[in-house]
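One structure is given below, encoded as structure tokens.
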Amino acid sequence: MISIDLNCDMGESFGPSIVGDDAAIMPLISSANIACGFHGGDPIVMNNTIKLAKQFGVSIGAHPSFFDLKNFGRKEIQLNEEEIFQLVIYQVSALLGFIKLNNAKLIHVKPHGALYNMAARNKTYAVAIAKAVKAIDPQLILYGLAGSYSIEAGLAAGLKTCAEVFADRTYQDDGSLTPRSQPDAIIKDPALAVEQVLMMVENGKVKTITGKLLSVKAETVCIHGDTPGAAVYAKAIRKGLEQRGVTIRSIKSEG
Amino acid sequence: MISIDLNCDMGESFGPSIVGDDAAIMPLISSANIACGFHGGDPIVMNNTIKLAKQFGVSIGAHPSFFDLKNFGRKEIQLNEEEIFQLVIYQVSALLGFIKLNNAKLIHVKPHGALYNMAARNKTYAVAIAKAVKAIDPQLILYGLAGSYSIEAGLAAGLKTCAEVFADRTYQDDGSLTPRSQPDAIIKDPALAVEQVLMMVENGKVKTITGKLLSVKAETVCIHGDTPGAAVYAKAIRKGLEQRGVTIRSIKSEG
Amino acid sequence: MISIDLNCDMGESFGPSIVGDDAAIMPLISSANIACGFHGGDPIVMNNTIKLAKQFGVSIGAHPSFFDLKNFGRKEIQLNEEEIFQLVIYQVSALLGFIKLNNAKLIHVKPHGALYNMAARNKTYAVAIAKAVKAIDPQLILYGLAGSYSIEAGLAAGLKTCAEVFADRTYQDDGSLTPRSQPDAIIKDPALAVEQVLMMVENGKVKTITGKLLSVKAETVCIHGDTPGAAVYAKAIRKGLEQRGVTIRSIKSEG
Amino acid sequence: MISIDLNCDMGESFGPSIVGDDAAIMPLISSANIACGFHGGDPIVMNNTIKLAKQFGVSIGAHPSFFDLKNFGRKEIQLNEEEIFQLVIYQVSALLGFIKLNNAKLIHVKPHGALYNMAARNKTYAVAIAKAVKAIDPQLILYGLAGSYSIEAGLAAGLKTCAEVFADRTYQDDGSLTPRSQPDAIIKDPALAVEQVLMMVENGKVKTITGKLLSVKAETVCIHGDTPGAAVYAKAIRKGLEQRGVTIRSIKSEG
């Protein structure tokens, strides 16, 4: 039986600023990456998002970021290895406080935005994050871009990793995502997105925009939650996968 | 044998901004209130300050604050009870991450600046903080202004509390500190400060600026670390107390 | 001929965080209060919002706030008079840079959120804001809650003021708005909201939730832009007023 | 007669956080780069620093930065050209508000920290800053690292520029400063620093750490104000230059 994890960034609202429709998305996913207050989230939102994840049996992950609320963690900031390491320790530890408060369990860590992107292509960032996750708890699963330094550093640190792929984004011949600035970057039809995921899950392949077939390891699919129509799209993806016999479940339940 | 705890706010530097002379003060105190990043401190500073406290056998406390780096946590912000509760959970939990990383132990919590002041005179703040500290770990000791709502709420929550007095500040007839705006607010002579502490510790009394004697419970003395000459003053206080036979030690070692 | 100003908070998005639907609201209003980066807004958004206001001939105002992105300027912060004065100077001056860049003109200043509320009931805040507005340009119009200290301080400073009323909120017998926590706080039917505005504009009266008639001076109506359905509601208000012969225009065009 | 400008970053304190000893440094310099609140400074400090500069007849400049109080503007952040442009517009405009309030005059703009460094070696940053300065006022003088893209972009934009050199730092053979991590990075003896400045001002040359002579254009010397002993060092530099017949004055007074 084939299974795949659907993960989504959750708890990114803060104060009166609402980001995403967590109540609509949570029932559709198997893993929630919960913001830790540095790009989104605040203590009350963090606490409530853990409760919501528990209610739907969704695996809880930490979603640490650069300290940059103004840019929602989307700008690349040059930090050294120790700064990145301690940045992750701080945020994951803060989330752990709310997890303990709710008798929940932290399963994974997925860096956010620019931190995720830099970890994928920059060894210093990848290694610092992997070390921090291991220092917090070597049982934690590190989420990262499939085939990137993030995964490599996680494995080198002895962590269990989870390779992330995208349902709604096209791939270029070098394995990277087509930049959003290009017209064919987004797969708007959920049926095509389901096909892409199925080919990745069943065959370990993805067809690039030029038609080339690349090998890819797919352990979790990123669901976007903060775009208009996100819940409808996510629902179509989930339903499409289930209709094709794929079970949606987090990676820990496979172990 | 008489003993007293000397506590000081530590780890309030952040990035390249240096606050206080932690290296000079740490050997002089028995309890360190470590900033948690909201008014001062950053992940690297938090980590290093825990190491420094361990090195000198100083008890470690969390020093949570309003989220206000710009004003160093010194402005009063109106929050509701849950916001205060979760504010404390977040910061203390973040510090706990670094404490775990260093195989250290968290002993107490002392709110910072405006949060400390509001907790002293506002029941909602006092109760929210006490509940948060208890939720994190009922063995934690809550530091608060002697005779204030902070202490009352801590005791009501079943926490061990530690009543704070001031060596270098004069008291008014109503038991409050003389505002810094007044000329006789500060006790500049360390010898007089030692006398004030001794009277509080030995007799449970403090002489006000008008000469009245008030009852006061003194379990810890606040040492200021971020003023010019702070280390010299603190050294004089410590030496003066020791010469009069007072042992400097944190409250936990009395238990 | 009767006229009224419709004002709305604009330009409160920042980075990738979208607040409100400015493109839909701008054509419906006569005055835009543009966020200055302290609770919302960023330099690019400020610049673009000025362009949008110009495009629709909407009067431009500055919308200064406490420095508190995390809480969207909705928390009360205790500042002294000079701090409030300079807070306003800073933000309005920053906006003036973008106004100059776009050959536009600043017409009014309306404080945001908690700063607006505190100015309405606290003389120190009201006076500091009025002084700052006057210091920047004595021709600026100060917006404030009708009948509040804001207006009083503006007039005392020799400023032209603009008394704000609410279309979608009910009033209590003391003239204050019914708190949102109460079930009858919001006027959900735009037709009733139009009636309330008409009575205020034509007769200078508002009917409270107990049926009492209070005198009120109405020079501008606050349109909320950041709630779901805000644009539809605003459109209904505007259309309703126009159908009853009320001209929508900013206060400056009356002079 | 030979003259040189001595410039120093000023007004970088914020709230109760004190950075540098502005009162001691201001009388020693001819140009003050005043922080605009993004890495340091706050509205009250900005206002007071302008007053202090006026008092000593020091030329006033804006010192814009990345929005990063936590790291004092010392971290490189990837922004696009428009973001950099508007970042500068915002901050310089905010400072202009206080300048107008004090009937002062803005003479120059010098980017701070990581923004300065990126502008020196990255054309996009250099061009965006130059365009912003010109858009605010084409009479403003742009300060930048001597021989860098900053100066090139300023000249290309038609701005008057001011090439900055360092008195207390050694140069490498490629013209760059020796990194602080290296033992010979700092010139600790003010007499040697004076010699370096004199050679740059009189002969347009600097001797590198290997003894090579490089050409350099020196129009302003950076004085560091936030290190221990900064005022003493700055005083020695100023006195040494004056004893050698060099007049200390800002570039505008040469025009």
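In order of appearance the chains are A, B, C and D, and numbering begins at 1 in each one.
Keep this in mind: a residue touches a chain if its C-beta (ideal position, glycine included) is under 8 Å from a C-beta of that chain, and two chains touch if they have at least 3 such contacts.
All values derive from a computational prediction rather than experimental measurement.
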Check your understanding: Between A-C, B-C or A-B, which shows the same interface as B-D, counting it as a repeat when over half of the contact pairs match?
Key -> A-C
Practice item. Please work out which of A-D and C-D is bridged by more C-beta pairs in contact, and write that pair. Key: C-D
Check your understanding: So, what's the distance in Å between the C-alpha centres of chain D and chain C?
Key -> 40
Point to revise | Centroid spacing, where centroids are CA-atom means, of chain A and chain D in whole angstrom | key: 43
Practice item. Any chance you could list the residues of chain C touching two or more other chains? Key: 42, 70
Check your understanding: For chain B, which residues are in contact with chain D within the complex?
Key -> 14-17, 19, 42, 69-72, 74
Check your understanding: How about chain D: which of its residues touch chain C in the complex?
Key -> 37, 42-44, 46-47, 82-83, 86-87, 89-98, 100-101, 135-136
Review point. Contact residues on chain D for chain A in the complex?
Key: 67, 70, 75-79, 114
